[in-house]
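Data first, discussion second: the structure below is written as structure tokens.
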Amino acid sequence: MNVRPDFSKNANQAETAPAFLSVWDMHSYYGESYIVQGISFNVHEGEILALLGRNGAGKTTTLRSIARLDNPQVSRGEIWLDHQPLHKMASHQAAAAGLGLVPEDRRIIPGLTVEENLELAQIAPPIGWSLDRLYELFPRLGERRKQEGVTLSGGEQQMLAIARALARDIKVLLLDEPYEGLAPVIVDEIEKTLRHIKEQGMTTIIVEQNAVRALQLADRAVILDTGSIVFDGSAAEVLENEQLRAEYLAI
Amino acid sequence: ASHGGYTNAPTGDTVTLGFNVPQTGPYAEEGLDELRAFELAVQHLNGEGDGGMLNTFSSKALNGAGILGKKVNFVTGDTQTKSDAARASAKSMIEKDGAIMISGGSSSGVAVAVQGLCQEAGIIFMAGLTHSNDTTGKDKKANGFRHFFNAYMSAAALAPVLNKLYGSDRRAYHLTADYTWGWTQQESIQAATEAMGWETVNNVLTPLASTDFSSYIAPVLNSGADVLVLNHYGGNMVNSLTNAVQFGLREKQVNGKNFEIVVPLYSELMAKGAGQNIKGIVGSQNWDWKLENQMGSRYIGTNAFVKSFGEKYGFPPSQAAQTCYAQTLLYADAVTRAGSFNPCAVAEALEGFEFDGLGNGPTLYRADDHQCFKDVLVVRGAENPGNEFELVEIVEATPVEQVTYAPDHPMFAGGALGTCNPGA
Amino acid sequence: MDAFLLQTLNGLDKGSAYALIALGLTLIFGTLGVVNFAHGALFMIGAFCSVTLQRILNLSYETVDPSKTDFLGNPLKVKTPYVESWFGPETGGAIIEWSVPLAIIFAIPVMLAIGFSMERGLIKHFYKRPHADQILVTFGLAIVLQEIIKYYYGANPIQTPAPEALSGVAQLAEGIVYPVWRIVYFFFAIAIIGAVFAFLQFTTFGMVVRAGMADRETVGLLGIDIDKRFTLMFGLAASVAGLAGVMYGPINAPNYHMGMDFLVLSFVVVVVGGMGSLPGAVLAGFLLGILESFASMKEVITLIPGINQIIIYLVAIVILLTRPRGLMGRKGVME
Amino acid sequence: MGILEVKDVGKRFGGLKALSDVNLSVRENTVHAIIGPNGAGKSTLLNCLVGKLIPDSGSVMFDGQSVLGRTPYEINQMGISRVFQTPEIFGDLTVMENMMIPCFAARDGSFRMHAIENMMNEKEMVEQAEQMLIDVNMIDKRGMHSAAMSRGDKRRLEMAMCLIQNPKLLLLDEPTAGMARADTNNTIDLLKQIKEERDITIAIIEHDMHVVFSLADRITVLAQGTPLVEDDPQNIKGHPKVREAYLGEAH
Amino acid sequence: MFGLDKKDTSLLALVAILTLAAPFILNPFPTNSGLAQFNAGYPDLMQRFVIFGIFAIGFNILFGLTGYLSFGHAAFLGIGSYSAVWMFKLLSMNIIPAIILSVLISGIFAVVIGYISLRRTGIYFSILTLAFAQMSFALAYSVLTPLTNGETGLQLTLEDPRVLGQSATADGSIPVTNLFGAEMRSSFDMVVGPWSFTFSVGYYVCAIAMLLAFYLAIRIFRSPFGMMLRAIKSNQTRMNYTGLNPKPYTLAAFVISGMYAGLAGGLLASMDPLAGAERMQWTASGEVVLMTILGGAGTLIGPVLGAGMIKYFENIFSKINDNVLHGWFSFMPDGLEDLVVTIIHPFVGKGWHLTLGIIFMLVVIFLPGGLVEGGQRIAKAFRGKKADDNKSASTEPAE
């Protein structure tokens, strides 16, 4: 097992429990555009972290960097998940190490049915929720299991994307705007699910424009602005801090 | 460049010849053998090596000191067996390298196209491999000369042998490559064989790009034909013959006779490609390296050439090599005799020129159409090759009289030689 | 009637070749999304595997036979293949004679190795590049491979005959004979096609690769090492092409440009079959093979001159205009 | 009589009835919101209006003319513009070029060849486009390669492209999904302003109730392919069926 | 100038200078030096450079802008050539009517083929165009021989009517193609010391045609029409929902590029009055695709560079034989000389294809944008550090 360096002192918050996912001084580029400009933060096991910021702040870029996708390129920095150095891995290895990303544009695979999209997630171990259990959570998907995934309605696709992440046995769930395009009832539903899996020990990072909702769910919040962290603290703090909300979240 | 009243008149102490052969594509092997011969000829002209056929050539004008005292240089090009590319290559030899004579080619289409170009540019074209009647028929040009034989001659030489071997009561089925050469050869063979009593059952044109001929061969089985004539060359021929053998045509009995296959235009390079399948199959050739040994000293020059070539390259020359070698020597000789590189003077020296000692026996360069007349070989794939080079055995050397035709023969009608063009 | 039957057989046979080449091509082209202009070259290399094996088996030592002379009048050198001297002329001769079937065993590792190294070394970097770039690089590669073969083996065709037992003709019915090797080829093609289908149908491999082509990134996010599978797929396709080439040798003697001769046609076959559809490629291969055979019949040519030269393209146009995605194409693949 | 009249429209996908007996009348110069659970058929309905799908039954009249059987570009030329659920922009072009294309379409119709006129010499159009970019707060991105923008920005660009065409009817499919709160508010303002200044009708699909209730003059709730209720926003909010099927408890 | 902005004007000016001075630029080596082998400044090759440049520029209007990859463009080149040669046979040897007819006839064919092929997109479109071109080729090669003279190619003969000219000249030759009397074949040699430069009428006619074609291409690239074409490549759905009908735009681009090909074909025949069927074969269509990608698809100058490069290899490298090699390296000791020649041998002469294949691979691997990108990189390297310093400023996030 790899040993995780202790970054915790550098994160500007009081350390209580050892961090589960650590991002240390991460810099990311799209080609020549410098997007994420050296950010560090920690997430603890079983915690929900809200990653907030305006359009173009670099939230998606941060999640993609953590998930080790080819683009953006992480030029410097370290990412550790449960003692494993993610920054040395390719995306499929990061996934095997326990990372699950629900990408912002859902990325339902064309040409595959709903069920195949889910089966695909269960080809490489470790396997998480069973299909039956997923269909229970999202009955609409069960009804449409033979339909081609990309012909689902926007909201249904979002459900499929989340279900697909849960179909794998993951340790950290990265959600990029999971509520987008979902009917309020469904948002409630998903929120419930997130709380539920949190109780079972899931660690989550959620990026969401609906900041209030996200903050109500989250334990902690990190606010990004032009690729740097401008706030790292408890979710409640943001909800209380008028100025912060106005300046970075416009709420 | 224009000095001396004709295109590319050599000014320095060298003269440049252009050898334009297929170096890529399906005829590359022929092209390379032609190049070898050209190189050898140039060496001999410049007095290097053993002199090859210079020693046996009936004209003694050449002395190994180049042409008219100028050292012979050469440039080479790739025709890619495409008229377009061949013309481009020839043009560059003329425009860039100042070539004063172009030789080579291995497809009649290409030869005709390049011959046309040379006519326009005022350059002598000494055709290499081209067998279509049209080259010295409807497409003949005053600046163009062909040493190689043609389809008519093949037919004239083959017909009596076929008659002797297979009888006069035969039904022939033709497969023909769908282009000039195929057409004229088919026409010639059909005419010659019908004249001796054969019947032509069918003639099917096959696309040049075909690789699998099975769908053309299969109908032969039940057509009632007992002879298959393959008017194919190169890869086409290797494949169609292979296919025909696969379909059991050679073991077949029709009308109480053995089924026979004829490949009117033969070459040892093709024979090599066709391997076992070629055994016993009859065709015609312009020349063969065993000619002098087997048919006597009428074909003097053959051994001298085989020796020079064989020692340099390690294997005997093909007919392609021989014809290109001969053409180069003939050109040099004509220049020397004319005392000028002027194409019109050269043409005059070549027209009606009678010579011997270049391996084909006594030969005439006929003035009317610039076609050489000489004996034609009827050959057959060797049943038991004595060695890896003896793939072809000579059946007969058909005397020149038998293959000579009148200049106005209908198969060659249609074009005019025109007047010689010195260019510039 | 016989003529019809014969042409159908011929068509099936031509179709087998088209289908096999198209099958390999569509694995790369329709599944990995790479326009592989070097596929023909892989077919050609397969054929040259058997040429090479034949050469290896024919490796000989020379003895001088003073009683005979060579073409220059020197004493003749006689060659005896080592295999014959090791195993005796009987067995040795048989081994040489069976070189084409033996070449299958020889070709599989060779083609896999070529396929793997080609994918790892070159193609891998081109998945995300535009098709145009893929065309340029694979075309360049095809030329290079072809020229290398030409350099070593010359431009002329080289015969790779079938073993005696499998050549000759078989009597199929009264008055209907057909070359044995072509029948062998047909069944060989069917077997390969069946094996590939089974592999892709009864494993998740096919689905994963298809998904990977549609969206590599997401498949990676699901923990799947798609690169490895792509490499394997490429090796598989190269082997299919290579085996098609090995077995094709006895039908037409291999030469260095046989791949280019088939290349354009196999693209047509794949597209007519429909992008991304394996059954489509096979179906189109057989269909075009049969149509081409019938179009070469004298009766047909007389009716429509030149039809034999254009039939494939004509049919391709008609099919593509009436069925937007070819016979069985999937939506969104290379549209 | 509304500017858009949808009568008895039905649409099936295989065995699935995506729309049945949809009747809808959108009055001129109003904002008509269509809401409903995921998969209710909202996007499908929009697709039927713009020629992307052809309904199995029923009729769609716009401005007194039927749109059925017309191609998408013809329908657009009639005055209907649409913003998609996932942004459809010209990714290879710059933001400014993206804006110019609808300008030319408005000027030249569906096809006209200006092969030797210089695009950027069309002063008037360029100015118009720039003004629009200012309105949507994107002028600083005018030269940017549009594929490289964050998704919120793509959304805004697409909307700007639709607005500059001066459509009579603007169809918006979740225009603010994924947009930061601040920009969402800007968008609301922009739409309001446009509605006031121009002769425009807007049909909007949205799951963000804040947007819906700020803008809509009239709301149709679609559920399982049929309109559940159509009413004023006030009444919808309190409608029990709507709450149950769609809004959930929070609203 | 000419309605172009500054950058385009200087590009056009640069290209104009390069083409007009080509006889100098392409003959940098003294005639007698060993390197003269690399001189490309003889009329035929210079003509080919610009003619295939025209072909590639036209192809790029379709492919570079709309992304529709036609695999049958050589058909239009062939049709253009046949039309021109027929004009020489029937009308007169003046190239103007011949070229006009080439452009028109290829245009007509392009309308028909384009109209049908453009009903499909992507690979399906490519295969449709390929099929049409292969059919044209096969027919020209065989069945249509009365029109095309099959494999040999359509040639002029002394018996052609040439109603507005003469069938044969006084001395019994076929007359030469000309532009109102100026013969395409005539040229003038300028000898400067050991150098020799050839100025050919034919070349300058082609060069001017190329400059016009290039200028038109720039205008198209910068026009609303050009932008529409790029929009089609980018997103046809959005195009449709913006009220634009992509079909006529793509068809127009197809026809324009077909006419460019026709022009190239007509010029080819004007320079050398022979039209061979091979110029319609798929390999010829493939060649223009390769030229365009090699140079840089979608760029203005790229296709011209690509065309030049391929034609250079075809004509110069194929002519380097062992003899020439020995000539170059004769200064070396014998053993070394042979070794060097043996090493180079596979890559030149009959091996020129091998070199070309390797170049294709190297360019596309290391210069994803084609030769143009190579040029840009060199330019950047020259501008040096300065650009690097600016980089950090420009890489800040956009917001």
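Per-chain numbering from 1; labels A, B, C, D and E assigned in written order.
In the analysis below, a contact is a pair of C-beta atoms (placed from the backbone, for glycine too) under 8 Å apart; a residue touches a chain by one contact, two chains touch by 3 or more.
None of these values were measured; they are calculated from a predicted model.
Touch-path distance (fewest steps) from chain C to chain E is 1.
Chain centre most remote from that of chain C: D (centre = mean of CA atoms).
Between chain B and chain C the centroid-to-centroid distance comes to 35 Å (mean Cα coordinates, whole Å).
Centroid to centroid, with C-alpha atoms defining each point, chain A and chain C lie 47 Å apart. If you average the CA atoms of chain A and of chain D, the two centres end up 30 Å from each other. Residue numbers of chain D whose C-beta contacts span two or more other chains: 149-150.
For chain A, residues that reach two or more other chains under the stated contact definition are 33, 54-56. Among the residues of chain B, those touching two or more other chains are numbered 28, 32, 178, 205, 207, 209. Contact residues of chain E toward chain D in the complex are 3-5, 216, 219-220, 222-228, 230-231, 233-235, 237-245, 248-249, 252, 256, 398-399.
Interface residues of chain B facing chain C in the complex, by the touch rule stated above, are 25-29, 32, 178, 202, 204-207, 209, 211-212, 214-216, 218-219, 221-222, 235, 238-239, 242-243, 246-248, 251, 269-270, 272-277, 289-290, 306-307, 310-311, 315-316, 386-387, 389-390.
Considering their complex, residues 63, 69, 116, 119-124, 126-128, 130-132, 134-135, 138-139, 141-143, 282, 286, 289-290, 292-294, 297, 346, 351, 353-354, 356-361, 363-365, 368 of chain E touch chain C. Within the complex formed with chain B, the residues of chain C that make contact are 2-3, 6-7, 9-11, 13-14, 17, 68, 70-72, 76, 150, 154-159, 161, 167-169, 175, 177-179, 181-182, 250-253, 255, 257-258, 261-262, 292-294, 296-298, 301, 308-309. Across the complex, chain E meets chain B through its residues 39, 42-45, 48, 138, 141-142, 150-153, 155-159, 171-174, 176, 185, 189, 198, 272, 274, 276, 278-279, 314-315, 318-319, 321, 323, 349-350, 352-353.
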